[in-house]
Structure formats: structure tokens, C-alpha cells
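Each of the next two complexes has chain A plus one other chain: chain B in the first, chain C in the second.
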Partner chain A sequence: MILKLPVSLKKIKPGYIFVLPAVIMLALFYIYPFLKVLQLGFYEWDGISTKTVFVGLSQFQDIIFSDRVWWQSMWHAAYITILALVFQNGLALLLAMLVDRGLKYGNIYRVIFFLPPVLSGIVVGLIWNWIFNGNYGLLNHWLSNIGLGNLSRSWLSDPKTALTCVAIIHMWKGFGWAFLILLAGLQNIPRTLYEAARIDGASAWDVFRKVTVPLMIPVFVLVMVLTVLGTMQIYDIIVSTTNGGPGYHTEVPVSRIIARMLYSSQFGYACAMSLVFGVVLVILSVAQMKISQRLKQT
Partner chain B sequence: MISGCSGKPAQVMSSNEIVVWHWLSDRSDAFDALARKYKIETGINIRFELYTPISVYTAKVRASAQANKLPDIYGVPSLERKDFASLIDAGHVTDITPLMEENNAAWKNSFFKGGLIMNTFPEGNQYGVKPGTYGVPIDINNIQLIYNLSLLKKAGWTAPQPPSTWPEFLALGDMLKKAGIPGMVSGWGEPWMIHCFADNMAWNIMGKDKVLATIKGEVPYTDPDWVKVFALFKEMKDHGLLSEGIVTMVNKEAEQTFANERAAIAFNGSWGVNVYDSMNPGLKYAVAMPPKVNPSRPMYIWVGTTSFIVNDRSPLKQDAVKFLQWLTDRNQQTVLATEMSNIPSAKACVDVLEGPIMDFVAGMENVVHPRLLPVEEFPLVTEVFDKGIQSIIIGEATPETVARSVQDMKEREIKRAERFKAIKANK
Partner chain C sequence: MQFKYNKYAVKDLLKGFGSHAVLILVSITCLFPLAWMFCSSFKTQQTIFRDMSLIPKEFHWENFAIAWTRGGFGVYFLNSVFYTVAVISGLIVIASLAAYAFSRLEFRGKGIIYSTFLAAMMIPIPGAFVALYILLIKLGLVNTRLGYILPQISIGLSLAIYILKTFFDEIPKEIEDAAMVDGCSTIGIWWHIVLPLAKPAIAVIAIFNTLAVWNEYILAMIILQDKAKMPLQRGLMIFQGAHFTEYSLLMAGITITVIPIIIVYLFMQRYIIQGIAAGVAKG
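Up next, the complex of A and B:
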């Protein structure tokens, strides 16, 4: 007997059936949690109790207009991001260009530069903790050895240096990613373009400005978006180095969300914070896309 | 209802054995050995499941509570009273008061008072929880000052005992500073340990009633006594009593530093005895209560417990309670105490302890912990309080400005609580 499918099922394109598992997974693990977080942002809930109270927009109002520490933490993440965009990516581009131009032992550099990103953020933090330690840290030891002992300090506990030190650790860890992506982008540029430019008498600077940069814009945008999203969400290094201190000097948005969620039992408020943070990240990403589109046009 | 606690029947982890969740990696082998012993004695399987680190464990307990997936017995590290109340309210905790009171309260009386109070909700508690005992302390700890005797001698401290008054303590700081010896280390990068020291001092300076009145909102944090508490940290810094980097130091680092004789003083818990013994068995140290600021009041020390809770939704809850009774019996407590050098929760087996841990036991009469009070401070106020002390230590805030900012947060949280209360009342 031949089993006849209902007409309505026959009409369904097989493609939809193939994507169904992926849609289910996406709905279950992305869309549902997102909607739940969205919903909880409007409720006061301690994360355990069966009782929740609808409080409307009041938590968002608190976050946006009254939570000074939240915006301070946002600025800290932005500061680290700016440093990463400029120094981490700048150095990554420079080294990627050197390797792309056939630097001796280029393959060894690739491996070396890619080592920090594969290490756990906690491990990286602990290693640098030891370097920056005020009592027996390597940095202070080196400074003393070269006669700059007066600069010695407890780098991660000094409010003047703590955030910058965290940024340095983050850049050291993240630099390898940027290096690899930029190198891949550089290696995709046809060599003939460089040769043609040189035959036309272009200087190295002209080649960089007129050939490399325009063709690398999509890669730059990718690296920038990844840097912004990755750095704004920095957390593991903070936990293993300063734990947000001294005072609030190295608090970042994720540490604030976790503090509210786990240590203050304000689960609903933490969800509202996550949503505000998400909106900020979306705005930043869209702005970067727009800028890159404009750059492409020019 | 949007929480995961949907009111459906409980789904506990196991039906044929008692499952116990904990985070105590140092006690894992001892627990397993005791589980085997229990199996031989009663025929009941006990499965201890270890989850570390503590932050992961805490998150797991929370998530499991939301999903009704808690095991038969689970530990509760550093649980705020509010969260404890929520667990009780959500039906995840068995009220063991009747069992504690059986046989003229024999089980209850076997414990150190501090350990039991941590698991008890008193009459008139702010969370509306039925008064009673909801957890069983397995062991107990307290936090005191630990002095490296060699470094003290090197600094010129000739008195036979460590400082017992605040002026003596500051004088020791001056000596250490002069000798170039780093002062105190502690995990003050984990703010609860700062809070612990501040609480000791606050109870000594102003007494329990005034601390309680402050939490109730009747006394402001700008009161001179509170400013005095904050000022102690500035004095410690000025007199060289605090090691470099203490404000971001985690306790593990502090323990290593002290064990390696790179700091003269540690503010650490009784668990530190194990750590120091394993890192530097030759370390010579003395344990002492924090120095008194107000000589007319006793000095209090912070107490903590490791407690186990029986899941009220467990079909094996009767067996689970019986197992905890067995675990806190003298024989088992002796095993745990001797193998781990921890202070047992049962008073009867303290005599098996020896060495520095006994100095910690001596302090058990005067213990302090926020949970010992019927009301609890808003977590955000505590956060501003602790972070404020960090700011004083690094020299960017004064005791007065910190007192003001703590009070501001207190007023803000009171208003916030009232606003939510009004919203709840309108529903």
C-alpha cells in the first residue's frame, strides 16, 4: 500500500523541512532565552522565588537615569575597547603586513601570536597578576633592575593604572585573533595589484593607501566589530585580576550584571541591564557598518 | 508566573540513592569514605557530587532551584538570608525544627550556637519565614588575625602576645613599616572579607543593638561611630599595616603570600590552618582576635558554616535527614575534624583538635555574622560599604565621604523597596 501524504504537506517545500531542525535549535537556545530575558526585564525577581512582580519600565528607568556605577562600568569597557581598537589592531596590522611580505620565520610568528588567544582568560589573568603584583611582581623587579624602581607600584590596585593594565592584558590576549584575520585578508589581495602599482612608480605608502587599505576595508570592519563586541563584553580577565576593584575602578558591564544577578539577587534588574547593554552593542555595531559602507563608497 | 518554579511536582535527581551536592573539594575524599561507611551500616547509598569553583556551584544551585532539579541534599555557600528565604518559600528546604527539638533538643544542643543560628530564622524575621531551623551545619569556621612570629620578632615586637588593643596594633604597624616588612594580607579583593573585618570592629565599637538599628534604618551610616569604623582602615593604611595590593587581592593569593613569609599578618579563616600547613609546614604563627578599639566591649569575630539543606521535594527527605543526623554525630564529625583540621559543628568532638586550630575554637563564644541578626542589609548598601573601604585604603575617599555615600545608597534602596512594595500592594 502506498502511503499518501496530505496535499498540504506535499506543498511544503522540502527545503523548509531541512531547515526545521536548525530553526528549532535556534528557537530553543536563542530566541526563547532572549524573549525570557526581555520579559524578566519588566519584573522584579530574585532568581529563586516563585513570586515575581511586574514593575514595568521602572528598572530600565533606574538603569538609564540613576545607576551611576552602571554607566561608569560602560565607560571602562569603552576605554578598553578604544585602546584595543587603536593599539591591539594597529600592532596586529603592522605585524600581519610584515609576515605577509615574507618576513623570515613567518610561520613561527603565526603560531607564537596565536598562542595567547587560545589560553583561557582566567589563566592569562593569573599570569599577568603575577607580573603586575605590587609586592613581588616581575614588572616591579625589572623596573628596579634598570634603575626605575621609583615607578614601582601595585599596578592592579592603583586606581591610576588598574584599568590600563587590564586593557594591556586584554590586548595581549586578543591581539592574535586580529593578526590572523588581518593576515588572511592581506593574503587575499592579488599580488599583481602590488606589482602594477610599483611599475607605475607608486611608493610603499601609496601602495598601502591606494591598494591595501581600500581592499582591506571589509576585513577592517570585521576586525573592528569583533573587537568592539569582544572587548565590551570583557569579564574573565577582570575576575582573575581585579574583581572590579579597587573600588569600582575596573567594573565592566558584565561584572555589574553578574553582581546584580548573583550577589544582589536582583535577577530582573540584571536582565534589564543585559537588554540595555545589548541595545548599546547593537547601536555600536550598526554605526560601524554604516561607517564602513560610507568608506567603501568613497 | 514566569519563574522556572512552575509548581509542578518536584523532579529530584534520584529515586534509589541520596544525592548530595557540595563544593568542598578538600573534603571530597572524606565524604566519599563516610558514604561508604554509611552504606555498610545502613544499606543506603549516598552519592556526593562535587561542583567547583564555588561561583559555578552557586549558579548551579540557583538554576536547579528554578528548574526544580535540586538533589536530596545540597550545600549552601555564602547564601544571603533573602535567598535562603526564597528557597524555603519555593519549597526547596525542609524545616528540621521538630527533629532538632526531639529528645530535649539533643541534636540542636550538640552544635555550636553560631553554626546553628546561621541556619535558623528567628521570630519576626523580615522575610516572613516561619521561625525554625532549616539547615544542618557540617563544620564551622571563624576569621581571626594570624601573626608570623618570626617576622614580628624581626620587626622588634618583643611582647609575648600579639597586639590586643588598637593602639598596640598601630604600633606594630609602625614597627613593620620601619623594618620594611609587608603588613597584613587578606582577600580584600573579595569584598566580603573586608566587610567581615569592618563588622568585627563595628560590633566592638558600637555594639550589636546599634548595628541592628543601622540596618533597620534607624541610625544613619553617617553616625560618628560608623565614621570611626571607616577611619580604622585609613589608620591601618597610614601605619603600614596593610600590604601593597590588598584591595584587589584574592584570598588564595593572600594565603600564599603569608605562607611564604612575605607578610607579617593575615586576616584569614580557620581553614587557613590546612593551607599554611600544606604550603609551609615550618611556619610559626599565632592566632589572635582582632584588637579591641573599644576596651569596654568584647571583640567579636566573623563566623561561617558549611551547611547542608534537605530538599523538601525529595521523596527521600526522611532518609536524607537521618543521614545528616548521622553525619553530625560525634564519630563522623571526629573523622571530618581530624582529617581536615576544620572546626567541627558538633561541640562534643572539639577535643580531638590540636595545634593552631584550637586558637580559632577559643574564639567561638563571640561570633558575628549578618545572618545572626533578624534583618539583613540591602546587598547594594553592603557593596557600596565594601567598595568604599577599598576607596579609603587607596586614598581616594575619606571615611566621611564613604559614610555619606553608603547612607545615600541606603536611602535610595529604602525608597526603591517602598516603591516595589507599593506596586505589590496595588496588585
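Up next, the complex of A and C:
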């Protein structure tokens, strides 16, 4: 047997042996979890017992029609996403255009702006936690120094400001990504187009509207899709700053899924939640791509 | 530049100043929180809330020693290094073997298998960690190092295979043919010829996955319960939960967490820019 094994191994095409480890990994850690989530969405299961109860669509019904906290959490993530789409990406585009004009030492900014994105959400959250802290935070300290002490508050535990502060932290961490992608896109635009427009006497605004924007639409869509997917799945910054509080004021979809799974042992419900969430994300991405195709045609 | 001696020169110069002013302001916003964290890690528990200046009056290096030993960051640090090295090497071996097969070798079902990997790259499953956790229980891998490493290899796998296959497709076949004539086996060609040629692609894969693994939190929280096995991100949250008022030690812990990744980033940043530019070009 042992002697024969190498011979029979040699008969197998090397291609199969080469892809085998990758296929096993994909099957075990991607396809299996995918199918398992799909299946468990229709079952009630506590994660420990061997008993699973088929409940059909009832968990989806509960999530979609009566889980208020779930939709609140979805809205929180959407709120942060909208802020990121407008302010983070707007600032990133402005800065990318400044650097793209062939500024001296422009590369230094590229290095600096991508520093926050290489840090983890945990690290970023913990640092900003302190800046926003109510008792000994930097922000309050500065506010009282410039005579605005009456504005100071516990930024991350005040229901009025918590979510927006989390959004600010998220945008601080994320804008370097948008900046690098947009800059790479801008640099792909042939310089001769700008020169031609300038010779024709086009104003800066016209050049932006008629040359830059049409050529950048695919890059804009890429940045938008990445922003939406990344921001909707925000979690690390939440855990390290507000942990969903005060109350449910900064709960997000991922934190709800984890809470159902780890703290109330509702694995089936958690899976149903991730399915609903996944469908929402797919719809959002497809919608953005469709809109961009429209824009391209007109 | 071209407009050196006309009115545009002055205009460009002024514009340059304006641009730099905006960019420098944003740079300060980027750097200040990091500088604040770094400097605070040298202050003591007594001075940290009173001394709000950026540069501390005296430097307490012992904070790092205390964080490293009593705070447990030494253990977390070595764990993080181990996980990063393990995931990256596993990923590169598995992905490059598969990518080489997809690029060069003939076997039935190749197209379908490759398309499956591409599809997996396009469709991320939010909350797949729920099912992953169930799988790891079944495999007996919950709270084990292997259980934390394997899922992370699989996360980066599809994209790595795609990048490497695209790269291999552009390498001329002649070198490999020559090696084949000299009696080199397929595995020998992969190891001696193809892998060394693919260094630029491997660098891009390595840097992005290093960032991902070093910064990973959710899986570490779900899979690992032993402090002895936890990586830095998890350790930070544990430390913060237990000593939430010891800010100078927490900042020292964060500094320990951040410094290696910043060094890696500064040395490898041209690969990051390259990788992103390539991604944008392909759309």
C-alpha cells in the first residue's frame, strides 16, 4: 500500500494537487458558512443543543416587521454612511485634486493621509474616546480654554452627539482610502486633455464639469460602493467607543448580529439578520452601479 | 512650470501656497491624535489629566515595561506577530499554488473552479462569522490558534489568487519551458522560478493582508477566550475593560500596537499606492 501510493498519486494531474488546498479552504470557510447561514435563517437554534426547530419565514418576519432596534441600528449605519459619502468623500476629492495638480512634495500628503487607515478601528476608537471624554477629554479642555466651556459635554454618552461623534471618528479613519483611490483615478486622466481645455479658454469649473467628472465616474462609483459596504459594516469603532450606547443610540447591524449570537444565544435569528443585511447591501451596491451606468449613457 | 515668465507663474505660486495650507491643516488633523497618544504614553497617572500639554514634562519610559509585563501586551504582541506571519505565509503558499495551476496547468473543471473563486471575491457575506463559529465548534477549533489562522487565510484567498494569476499570465512561458527541458518538476518550477518572479505581486498581497490580520478584531473576539492566545487588538479591549482609568498605560499599549504597523507601512507604502492604482485601473 505505502509503496503503491506515490505511483497512484502521480496519475492525478498536478493541477488538481495545486488547487486542492485553496479549494478546501474555500469550501470550508466560505461556501459552508454561506450555506449554513442560508439554512439557519429558517431555524431556531440556541447554538449549543442538538435540537433545531424549523420556523420557516417567521424570523424574517420578526426582523422586518417588528424588530425596532434592528431597523434603528440599520438607520444609524445609514446615517454614518450618508455623512461619509458627503463629507469624507467630498473632502477626499478636494484634497486629491489639490495634490493632482503637480504640487511639490505632494507625495508627503499621500503618506500622511493614509496613516489613519492603516490603524485598526479599535486603536482609533480608543484614542478618540479620550478626546471626546466628558471628564478629562481634550475637546472639552480646549472648549473651556477658548471660553466655550458651556458647550462641553460627554460627547460619546450624550444621545444627541454620540452617533455624529462616532461618524466623525469613522470619517477621520476612512478618508485616506477615498483620497488614495480618487488620486489614482485623477492621475489616470491624460494631462493633454486639461491643456487643450485651458487653451480653448475653459474656466476651472468647466474643466472640472466637462473633463474631470465624466472621466472619473467609474472611480466615483468604486469609492461610493466601497464607502457604503465599509461603513454599513462598521463595528470596531463602535465597540471601542460607545459599545452601542447610550441605550441603543449607536447600535449598528453588526453589533446587533453579535449581540443576538453571543449574548442571547439566538443563532438562527442572528443568521436571518445577516441574510437581511446581506440582501440590503447587495441591493445598495447594485443600485449604485445601475445609476452610474445611466450617468455614463447620458 | 511651462508658464515660468508670465502672469500664470505668480498665480500658480499663490495657488500652491493655498493648496499647501489646506493640505497641511488636514495633515495636522491626521497626525495630532497619534502624537497625543504617543506623548501621553510617557506621562504618569498623576500628571496625565492635569498636564494637557502635548510634550510631557518628564518621560516615564517605565510605562512601556509595565504595559509589556503587567498589562500583558508582551504576550499579545508576540501572538499578533505569530498570527500575521502564519496567515501571510499560509496565504501566499496556498494562493500561489492555485494561481499557478489556473494560469499554466491544464485540468478538467479549471474554468468553473476559478470562476467560483472570483464569485467568492465579489460576494462578501456580512455576519458569516456566525456560521464560521459553528463550523469551528464542529472542528474543535474554537479557542485555538489554528482556528483563528485558517479563517483569515481564507478571507484573503480569492483576491490573492486573482492578483497572482493575472501576474503569472504576463510572465513569458519560455523560462519555464527551459527549466522543464532541464528536468525540473512542476513543483520545482513553481518554487524556483515562478515564486521569485512574482515578488512584486506577493509584496502587494503581503502588505494588505498584514494590515488586515494585525488589525483584525471580530474573529479574535468570537474565537479566542484564552488571554494567552489573544492578539493585540483583543488585548487592548481586555485591558481597557479592566483598567479603564489607567490612560497612560493604555496609551503605552496602543503605542506598542501601532508602532510595528506604522514601520511596515512606511517601508512598504509604495506597494500600497501601486496596489490601489492597479485596483483603480481595473475598476
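One rule holds in what follows: the second predicted complex is superposed on the first by the 269 of 298 C-alpha atoms of A that agree within 3 Å, B and C clash if a C-alpha of one lies under 4 Å from a C-alpha of the other, contacts with A are read in each partner's own complex, and residues count from 1 in each chain.
Simple rule for what comes next: a residue touches a chain if its C-beta (ideal position, glycine included) is under 8 Å from a C-beta of that chain, and two chains touch if they have at least 3 such contacts.
Computed from a predicted structure; not experimentally measured.
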Chain A as common anchor, with chain B and chain C clashing or fitting: clash
Contacts of A:233 with chain B and chain C, given as first, second, both or neither: second
Per-residue contact with chain A, leading partner among chain C and chain B: C
Which of chain B and chain C A:100 touches, first, second, both or neither: neither
Contacts of A:22 with chain B and chain C, given as first, second, both or neither: second
Which of chain B and chain C A:118 touches, first, second, both or neither: second
Which superposed partner A:52 touches (first chain B, second chain C, both, neither): first
Chain B versus chain C as contact partner of A:262, first or second or both or neither: both
Chain B versus chain C as contact partner of A:40, first or second or both or neither: both
First (chain B), second (chain C), both or neither touched by A:158: first
Clash-bearing segment of chain C relative to chain B, given 4-12, 94-102, 220-228 or 274-282: 220-228
Chain C-contacting residues of chain A that also contact chain B: 36, 40, 47, 136, 262
Touching residues (chain side chain A, partner chain C) in the complex: 13-16, 18-19, 21-23, 25-26, 28-34, 36-37, 40, 47, 91, 94-95, 98-99, 101-104, 108-116, 118-123, 126-128, 130-131, 136, 138, 141, 172, 176, 180-181, 184-185, 187-188, 218-219, 222, 229, 232-233, 235-236, 239-240, 253-254, 257-258, 261-262, 267, 270-271, 273-274, 277-278, 281-282
Chain B-touching residues of chain A, taken from the complex the two chains share: 36, 39-40, 43-55, 58, 62, 66, 129, 133-136, 153-154, 156-159, 162, 241-243, 245-248, 259, 262-266
Chain C residues touching chain A - in the complex, by the definition given at the top: 1, 15-16, 19-20, 22-23, 26-27, 29-31, 33-34, 36-37, 40, 49, 52, 93-95, 97-98, 100-102, 105-107, 110, 113, 116-117, 120, 123-135, 150-151, 153-155, 157-158, 161, 186-187, 190, 211, 214-218, 221-222, 233, 236-237, 240, 247, 250, 254, 257-258, 261-262, 265-266, 269, 272-273, 276-277, 279-281, 283
Chain A-facing residues of chain B, complex: 1-3, 5, 7, 55, 58-59, 62, 65-66, 80, 82-83, 86-87, 89-90, 92, 182, 189-191, 243-250, 253, 257, 262-263, 379-380, 383, 387-388, 390-391, 393-394, 396-397, 412, 416, 419-420, 423-424, 427
